[in-house]
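The following blocks contain the structures, represented as structure tokens.
Two complexes follow with subunit A in common, the first pairing it with subunit B and the second with subunit C.
On to the complex of A and B.
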């Protein structure tokens, strides 16, 4: 009995629960398969096809993804001549790790002092800004900045990956990624700063608990953040770094087998991370709820966002690099500056 | 030609046009996502009955052929080659190259070649794609491993484009 209680205590402990179970590893892995399935199905529907179907007719071909994953796991990993094998094998792991890390600091729900299965951890994860506990792997009051800081290491890992494979397509992909990463990191940071100015905080929990969804408080920042999210996670029409018609697969060209799965997973996980931040910052996160239902509400909203951003594949072609850069610097960057001014003005008038 | 309207996409106009263009594109995508207009068939379960005169695989009537080599000469894809069999020339065909243009059928002076309606065949290696005169002389067919459940026929529909109706024959 006591042992069962102990196990429950440790499994539900937010530092384990958040990074491993709910928004973390297990949920993200399931979401990953579902997202790729949805991407293929949605593109097929729009393009008048059927999509994956025969692997499991009743489930609409869902098991096709499981079959693909199994195939990748058991296929050979080819290490090209003349690369450093340690770096070659390590970089995809780093890419995925760097995109997973922010999940440990994104708050997904609050813990009320009593009445929730998480209430025993109320004091360990107490947030003085809102007077509630926070369901998060590692609590800091500056989580907005920390998330963006960790996530901005991700493009560096992509570039490291391309450099370590010593392949011309990978290098070209890496150059494109470096151009893009500068442009979207600026947009992400500026829209985040405008929200911080508006709500007088760097704590996502306080933004959600303030009761005003950010998309109403600063719609410009929401638009900017959303577009930056699509660029940042290499979704269509911005999958310029891994443009498969021009660059084979960009930075991931040389990878096969399990390492290839890791390189692909990185961008989807990144998309989910940005979607979670977007949900917290602009879409009210868990707001009316708390505890476990609140966490569920947050990840459901984020999953819908991820589904929408992969749905764009069926609508768009791919921008050229110069078009994407022109779009982000000429049109979205002024929008980001405008959102910052809006945040300043509204934040000045609206003292909480 | 008044009924055909071509939509011009002008470049370099105000950013608001760009925004509305994106919204239209996403809207169109969502429309098709909610109401899909599939035009592909789930093949072994449904299959289309082919129209008469369909240009499928070619077959040779060996006893009619006079070995004039015209078919090999006209073939744009270099799929037909002549071989000598017991002192007589006959064409062979390589389905790895053939583009099913049926020029060879048209040019044959004695009608020794004919298009069959067979088009769904699978081969496990490239050597099998080359039909020597003996194999070329027979009717070739490769029925699906599972029986076709539903035969359908394509009809043109004003709203939808292509529509499939069950073939009653």
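On to the complex of A and C.
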């Protein structure tokens, strides 16, 4: 009895639960399956096709991705001549690791002092800004900045991956990724800062618990953040760095087998991370729930966002690099500045 | 270090990219691209990876045996490829084709043109990343391919048109299928406009990309929709009517802009005009023979009874395959899906052509593409390629 209690204590401990189970590894893996299945099924519906079907007929082809992944895992990993094999094998792992890391610091719910299965950890994850515990792997009061800081390592890893494969198409893809990452990181930071100015905090939990959803408080920042999220996670119409008809597969050109699966997973996980931040910042996160149901509410909202952004594939083609850059610097960047002014003005008038 | 160590050396970034033949955006073609940053300084186009030596093989086969060969270079537009060759052979043979067969030729050729344009749209769409356009292009094409299958017995390599006429007759079931297909295609073109033509993303990728002025189009020898997208009113169906085109009412869409979007619009409007032609053919097609009397008389009565009566099919006796046309030479022009297709056939009186020359529209796009690529951005390579509707096997022959 005592042992069972101990096991439960450690499994539900937010530093384990958040990174490994709910928004973390296990849930993200399931979401990845579902997202890619949804992406293919939805596109198939638009395109008058059936989509994945034969791998598991009763589940509507849900396990097709498992079949694909198994096939990739057992196929040979070809290491090209003239590359550093260690770097070649290491960088896809780093890409996936870096895309997963922010999940440890994104708050997905709050812990009330009593009544929730997480209530025993109330004091360990106490957030003085709102007077509640926080369900998160590692709590800091500056989690907004920390998430963005960790997430901004991801494009660097993509560039490292392209560099280590020593392929011309990969390097062109890396150059495109570096151009894009500069533009979308600026947009992400500016919309985040405008929210921070408006709510007088760098703590996502306080924004959610304030009771006003960010999308009403600062719609401009929401639009900016959403577009930056689409660019940042390489969804259509900004699938520019790995444009397959132009660059074969961009930075992932030389990869095969298991390493290829890893390179593909990164952008989906990145999309989920941005979607979680968007949910917390603009879509009211878990509010008014708390504890485990609150966490569920957050990830469901984020999952719907991810589904929406993968659905764009069946509507849009692909912009050119210069068009995407012109769009983000000429049209979205002024919008971001406007959102900052809005945040400043509203934040000045609205003292919490 | 004048400015406190903050100075950057700007190195000119230039290099070569070898696009193809094993590349998702090249087809059976190698494009050797010299890049300066994102701008293409020069593009060397290296065709020939799917060369089938059609012209040389043409000197070693009988006239009839050449029909399946000449339609292979552009199997998605095989009726037009077939028709052009037969027109040249008929000029040497000096044979009259019955009216009904002329209408059937136009009917099959227009279906082939629609199918070919839809194929081109699909390829253009996937080149610029629009997977829905790709699937729709190939999905809509299926409808037309099925009509061709019902009419000719084969989905793509039809070999439908033979010297003197056509092989099979139109049946009420096929007319019914075609009416349904026309209604379906009209409805789908509305959908296409919504998701593809009026999509801001697609417009951004095609408008002002690969701009070819009227003078350039004529000088570089562009053909077909690419020429008409640059404001030149030229169509072999109008300038030198063949088949039943002189009796059919249709327009030639012309756009002045000369960019990829204009070429795409020309193709879409040609689909609409082809649908009009199909409607007219269904309405106006006269009764009568589908093969010239000169050849029809050679069919033995048992074959006529087995194939012609009831099934309305032409099955010629074996010796038809080795007919010997008189000495002479002939040139024919048809408007294939991608543009003007020219055949030149020289006969020395034997059962095999002395010389067969075919000038395909895609072959004429090579120089156009090379010129358009200069100064374009690298991402526009696929956009220009797709909007020219270049089909490598057709160019390589």
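Note that the second predicted complex is superposed on the first by the 352 of 352 C-alpha atoms of A that agree within 3 Å, B and C clash if a C-alpha of one lies under 4 Å from a C-alpha of the other, contacts with A are read in each partner's own complex, and residues count from 1 in each chain.
The rule is simple: a residue touches a chain if its C-beta (ideal position, glycine included) is under 8 Å from a C-beta of that chain, and two chains touch if they have at least 3 such contacts.
Everything numeric in this text was worked out from a predicted model, so none of it was measured.
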When subunit B and subunit C are modelled together on subunit A, clash or fit: clash
Partner chain(s) touched by A:50 [first = subunit B, second = subunit C, both, neither]: first
Which of subunit B and subunit C A:315 touches, first, second, both or neither: both
Contact breadth on subunit A, by residue count: subunit C or subunit B: C
Contacts of A:323 with subunit B and subunit C, given as first, second, both or neither: second
Subunit B versus subunit C as contact partner of A:71, first or second or both or neither: neither
Which of subunit B and subunit C A:8 touches, first, second, both or neither: neither
Which superposed partner A:248 touches (first subunit B, second subunit C, both, neither): second
Segment of subunit C intruding into subunit B (one of 9-17, 27-35 or 63-71): 63-71
Subunit B/subunit C common contact set on subunit A: 46, 48-49, 314-316
Subunit C contact footprint on subunit A (complex, rising order): 43, 46-49, 168-169, 172, 236-237, 239-240, 243-246, 248, 313-323
Residues of subunit B defined as touching subunit A within the complex: 15, 18, 25-26, 28-30, 32-33, 36-40, 42
Contact set on subunit C toward subunit A in their complex: 15, 17-18, 23-25, 38, 125-136, 139, 195, 199, 201-202, 204-205, 377-382
In the complex with subunit B, residue positions of subunit A that touch it: 42, 45-46, 48-50, 53, 311-312, 314-316, 331
